[in-house]
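After the structure tokens below, expect a handful of questions from me.
Order of writing sets the chain letters: A, B, C and D. Residues in each chain are counted from 1.
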Amino acid sequence: MAGPEDFENHCWKDIVTPEILTTYEAYVRNTFVGTRPALLAIDLYNLVYKGGANPPHEITPDFPNTCGVYAHEAIEPTRKLFTACRAARIPIFYVTARFSPSRVQSTRRADMPLVEEDFEIHQAFTPQSGDVVFRKERASAFFGTPLVAHLNQRDVNSLIVCGESTSGCVRASVLEAYSYGFHISIVEECVFDRSELSHKVNLFDMHHKYADVMKLDEVCAHLASVTGKATKVA
Amino acid sequence: MAGPEDFENHCWKDIVTPEILTTYEAYVRNTFVGTRPALLAIDLYNLVYKGGANPPHEITPDFPNTCGVYAHEAIEPTRKLFTACRAARIPIFYVTARFSPSRVQSTRRADMPLVEEDFEIHQAFTPQSGDVVFRKERASAFFGTPLVAHLNQRDVNSLIVCGESTSGCVRASVLEAYSYGFHISIVEECVFDRSELSHKVNLFDMHHKYADVMKLDEVCAHLASVTGKATKVA
Amino acid sequence: MAGPEDFENHCWKDIVTPEILTTYEAYVRNTFVGTRPALLAIDLYNLVYKGGANPPHEITPDFPNTCGVYAHEAIEPTRKLFTACRAARIPIFYVTARFSPSRVQSTRRADMPLVEEDFEIHQAFTPQSGDVVFRKERASAFFGTPLVAHLNQRDVNSLIVCGESTSGCVRASVLEAYSYGFHISIVEECVFDRSELSHKVNLFDMHHKYADVMKLDEVCAHLASVTGKATKVA
Amino acid sequence: MAGPEDFENHCWKDIVTPEILTTYEAYVRNTFVGTRPALLAIDLYNLVYKGGANPPHEITPDFPNTCGVYAHEAIEPTRKLFTACRAARIPIFYVTARFSPSRVQSTRRADMPLVEEDFEIHQAFTPQSGDVVFRKERASAFFGTPLVAHLNQRDVNSLIVCGESTSGCVRASVLEAYSYGFHISIVEECVFDRSELSHKVNLFDMHHKYADVMKLDEVCAHLASVTGKATKVA
């Protein structure tokens, strides 16, 4: 949980002007993790780590889908988040892209040759028994998948979100989750993008409109506080 | 239509760095209006014009939902767009917010007292006979409305989008339209936001991922070129 | 609740053969009302009561949307169901048709002249303060309405269903509710149709595939047993 | 195409009474195949052919998902339909069940042990290059799949439907297709169920409310008449 005094204490501080903060004052509130959460891990597939921990613009000609250094910087925080979620025994859902010649495209990016392994989950976050993995063709984790049915059947009422890209599949999934009526907590250190500008502005937008952007430490502390307690999951 | 050389010639030029443009090079393409378009006018309701043509941060305490000067600057371009669409006899769909004590909220903004007239369409764009107006409770024009059924039944395969806010209901609607398989053209001068930063970055995001951001003149010229020709609408 | 021995003890008994029952044996189970239910009252609008308590085929030329005697026979049981649900203070949602010249049609029935009052809720079930009423254009209560968002936001995990027609909007709504992951209880005496054959076979289909068809007395007894207890609704 | 005089000339004739036909008179109309159709083949997987061409109730204890003789009788007509659709070069979409321990269930039937091969398409209808196959967890071909996006992107405005079961996944898919605004033609000889009663009544319901139930010969004749002509698919 974070109080109103920390509501704007996030990565967008250096680009959002005081005038904008004034305009958005009515959105300031407490942030929190929901009571019956699941982890939603978005597009943590091999393709976005390609080319190593380099700035995307330096490697994008060879690795056009990479998030480069931003992807690699998020590995350790995301590991910690997974560990905390597994300890709290909350349901874990992954989405990744469907690899198929017939798939519709999730964005208007020009085509490039891909292989099946590109869309497998990165080995740092390998799904375990009991986790659920969906394949999607569009940006949102909900569009063209039965995610909403699984969430309802497991009595989930809120999501903890990590993955990429902040301005693409994360934003689309958070928007649709909010539309469906779920509370959403986005873990700041565990989402990333190929553009820092889009990353920051999309986090700002989502934080004010649809979700609670929270620090990894806050989320882990909360999960630790409920671990061991009866987390009823129907 | 605009060619690849003009692909980045838009309002975001002053904030997007050369490095970002390099990263997004694979998205560069021609832009165009689809073959069987409809106009989608998003949230052109009275509330966003309140307080006059002033900077939002100066009037937001009194008019918390206003887009102020940005809303007012878009009135004339949007009038022109409506005129061109009516002349071309393409279907026109409006969405506005549902006014109801029981509605779910489209964003996490704190509540404020509203009246029914706040969500009526601004008089500059009053719906005419044959237009369709939907009321929504969420950001996307598709969520909780039968818009997709109407588009399919009228054989629409593409949208021309205007309205507000760029980072809210416009983005949400464009995202879902793209997910459903529609081509989307966003008219740059006819969408607006209460934050210029969010406006520009969201246009940049949508232009690269889901839609063609186009100039009013281009769109009007295209519509004029097809006006009078048989625009078959089943 | 009803045990497996009563699973086929319903109105379809006189038309379902022993061979069919053998084929469907694997579906036999206990039936029950869910833990956090809402009442969903489907299309209880004036139009279906027109022409009085007569057989539909006798009055359909003059009242083409009527369910006649079947509608009227369900009035008293449905009143009792409403009373029990209000006493248990569970959320109550109505859907009715949207009256509009531009609406898409919910079935392929030929057009007929209608007035706004036709789609108002029958006076026996007038919505009260706190109830939510949605207007729809298609058969399902979920399609083109924000019902799923309301259910999730009020922490509802199951539905008690009444209304009409069994083979039309009830079946469509039950199907989509099941797809979304909700448990569904259909109150046998409180759903109706213009054809008894379709009524019985659709109840049979839904009972085996998607929902628990239950007797009014069972549902009321269950609601009475939880009335007064803390029905937590977030 | 079939005229109004043949509107009720279908398999339900022996169980629908004259009174019911009077009640439904307003639905009588011409039936037809849409202008830009795709074939939707629903759940033609191995499981439903298990146990041979026997009455379902005789083999259901050993083969609990079989449609027995009804499945086998539909093989030859369905082959002809596929041949006609391939000759007309219309897009072909299959749906089948997702085989996964974590899947939600498409109906309330009790669990049974299954293997992956159970949900592969029967060899009489093996998908060919260019066909699209979706895996679903719910009854409708649209729920939890990107089917609607594919239909829109390929400029499809209507469906020709075959497969099973009439009262389950066929009905659910037809209902949702109609909600989305597609015209639907169901090929009578090419849909089947484990219960003849449910088969007939569900065809009756769909024919009056959402779709055109048509004879195989009619559909094939229509497809032959357009074969060779430019079937524009964007």
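The definition used in the following text is that a residue touches a chain if its C-beta (ideal position, glycine included) is under 8 Å from a C-beta of that chain, and two chains touch if they have at least 3 such contacts.
Since this is a predicted model, take the numbers as computed values, not measurements.
Listed by label, the chains touching chain A and chain D alike are B, C.
Interface comparison, A-C against B-C: more C-beta pairs in contact at B-C. Looking across B-D, A-D or C-D, the pair that copies the A-B interface, with over half of its contact pairs the same by residue number, is C-D. The mean-CA centres of chain C and chain D are about 26 angstrom from one another, to the nearest whole unit.
Chain centres here are Cα averages; for chain A and chain C they lie 38 Å apart. Centre to centre, using the average C-alpha position, chain B and chain C are separated by 38 Å.
In chain A, 104, 138, 143-144, 149-150, 153, 179, 181 are the positions where the chain touches two or more neighbouring chains simultaneously. Shown here, the protein chains touch in all possible pairs.
Within the complex formed with chain A, the chain B residues making contact are 15-17, 19-20, 22-27, 29, 55-57, 60-61, 64, 104, 107-110, 112, 138-140, 143-144, 167-168, 171-172, 175-176, 178-179, 181, 194-195, 197-198, 201-202, 204-205, 208-211.
Within the complex, the chain A residues that touch chain D are 102-104, 130, 132, 136-138, 143-147, 149-150, 153. Partner chain D is touched in their complex by these residues of chain B: 35, 148-153, 155, 157, 179-182, 234.
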